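Okay, here's the structure, questions in a sec.
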């Protein structure tokens, strides 16, 4: 289905949804930092900056409770968190690099174990993608086969038009349902031209070749060169739209507490630290190798997909300037 | 011993971190001398004020304390010679940090109480209890403990109950 | 104080780059050092990254620009096991980075004789949220540079003969600290609550800090668990309080914690506030001389105790 919506009607639509109790998550400023967060009013939305964190947290929260426990004498009561209680959500203004990561994550969360925490949030969320009109030289979506107008992962996709308003195209029943429920706000396509999109100026990687090299080079001097300067923080993984490792911790007292799931990162030394004291990944280069291997080899081996959408966030936030696009480019040139 | 203090609308929880050599003995003296002081105070004994890490104070507030008292030997009387001198600097700085974060310093009291000062112990504890009782509950850290990142937030009655129990 | 953005002269940086290259090549060739830690250009336009070179031929890769933001001292701590520490190591340092090295020497983490210090006369570096190719101006300069008192590093083995021209700037931290101090406790709590709510516990602030060299961080321990590890508002607040406390009297203001924070939390504000208090209470300023004992592991019998009953 193709439609047109004016900027004003879009604001109205979001305000109606907020008033109906739908959690509308969209880019907004939080203490000076652009983040995907629930809006109190559509006017708070800021779409001209790439949010610092990706949209994955709408399905894979920074931290979520998975159960609570209480102990009274000998009696222990464990209460599971009921996924039915997750809020209905509209995830709005999602960049193609963020939206396209979500179907990639579906693979791992619905593989041998069906993760209801992820999947139920997924069912309850409608994703509205927004074509990308701002990029910088850390962006490389085109290098991994995506584009600033890629509709992958979006239920409804908006393209900003010359003269205002958006072209709307639906890609799922959820997207159509959203338009049908508010059909008076949408009109027939206007035929106006799209605003110029932000095409990153990067060469397309040959991901098959990159994988072929990775298949053969678990041990290679490249890893030392790339990551000896890595300081071992989790910034790259935490801002990544596709990284999905988590840790489970119990917090509370012996009387009562909560089991929580929170983001984890392969850059931390503790990530692979064994109880025995042994650490099979005993240096940052080995940890960084895992990051690249997981994104461009292991995930491909297992699910036939690449775990990188070229958003460039890890490049921007890396404290020591480690540049995943530069490293993959270097690898892709190795077999020429 | 029957406690006959008047009841109040709000009874604060006060955590006292004390050194074993002076203040704990001082509190003991208050007890053996049958002096009365508010039962609001929960005493935790340490070898020395030098062992009391600022993170303990933080933890106490996080776990529901409305006021915190840290007390040890007078300067010069430390069983380990200089533990309280180090503590004095550490706490002087820590209270400035807490103040900058936005904690009301009226809830945090430091004192020197020797083994002979049962009366001073009673006075310090009573003063702090009265002051904190008037201020009402310390809500900042408790509210913080119940907050979630937006993405993990779900409001269920069971959760609310579980949190209240913590 | 100019209201509009003024460019800051960084023309000396190209001469400094040349001098660093020549000196690094010389000390590596002569075998005075086993490695040099410096900055090299990176892929993105104008960007720089830390580099550790061991061959004299690689000295040509070294640069110094306004994008050379890192404090390289972190690579010399025992926490960075990947960097070989055998023999004497050359390191490129700005004045602010040198203060960290001074502190590390005082804490017996480094020995002066194991270091060859290549000091950089510095007019300032870029703030964390600007693109690396941006020109240095009074707007794009890192906040720490507005309060810099070490444009010319002292006590180095080699310093290029250049003098940075540094305009008088509004002191960002002093101004912000004064603003926050004037608020009520509840208002300050609200301010920090909002800031800490953004924290995702990526620990970038800890990992880049030259003084966070503990083998095992207290905040990574779970027996006993003194600080909640989860990135919820409660655990975040506790973490940042503990971090500021552990750096009090040690942090000399390289502001790496604040620069690397992907959530833009003004962490150096806490460190500067602590530094201010230590100056007022004990007349101590970190980073100026190698001290056997910092202000929080020494004492006098005259220390202020007006807050103690």
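First chain written, first letter: the chains are A, B and C, and each begins at residue 1.
Assume a residue touches a chain if its C-beta (ideal position, glycine included) is under 8 Å from a C-beta of that chain, and two chains touch if they have at least 3 such contacts.
On a predicted model such as this, the values are computed, not experimentally measured, just so you know.
Between B-C and A-B, more contacting C-beta pairs join the chains of B-C. Distance from per-chain Cα centroids to the pooled protein Cα centroid is smallest for C.
Averaging C-alpha coordinates per chain and comparing to chain A, the farthest chain turns out to be B.
We define each chain's centre as the mean of its Cα atoms; on that basis chain A and chain C are separated by 31 Å.
The geometric centre of chain B is 35 Å away from that of chain C, both derived from CA atoms.
With centres set at the average Cα position, the gap from chain A to chain B is 44 Å. Shared interface positions of chain C, i.e. residues touching 2 or more other chains, are given as 197, 231-232.
Residue positions of chain A touching 2 or more other chains, listed in rising order: 62-63. Annotation for chain B: residues touching 2 or more other chains are 148-149, 152. Put simply, chain A touches chain B in their complex at residues 25, 37-38, 57-58, 60-65, 68, 70, 79, 81-82, 85-87, 252-253, 255-258. Residue ranges on chain C touching chain B, taken from their complex, read 180-181, 185-193, 197, 218, 226-227, 231-234, 237-238, 241-242, 244-245, 248-249, 270, 273-274, 277-278, 281-282, 295-301, 303-305, 307-309. The residues of chain A lying in touch with chain C in their complex are 30-33, 35, 52-53, 62-63, 136-138, 228-235, 237-239, 249, 251, 260, 262-263, 265, 268, 270, 283-285, 315, 317, 319-323, 325-326, 329. Within the complex, the chain B residues that touch chain C are 53-56, 58-59, 62, 75-76, 82, 85-86, 88-104, 109-112, 124, 127, 140-141, 144-145, 147-149, 152. Of all the residues in chain B, the ones that touch chain A in their complex are 63, 148-152, 154-156, 158-159, 162, 165-166.
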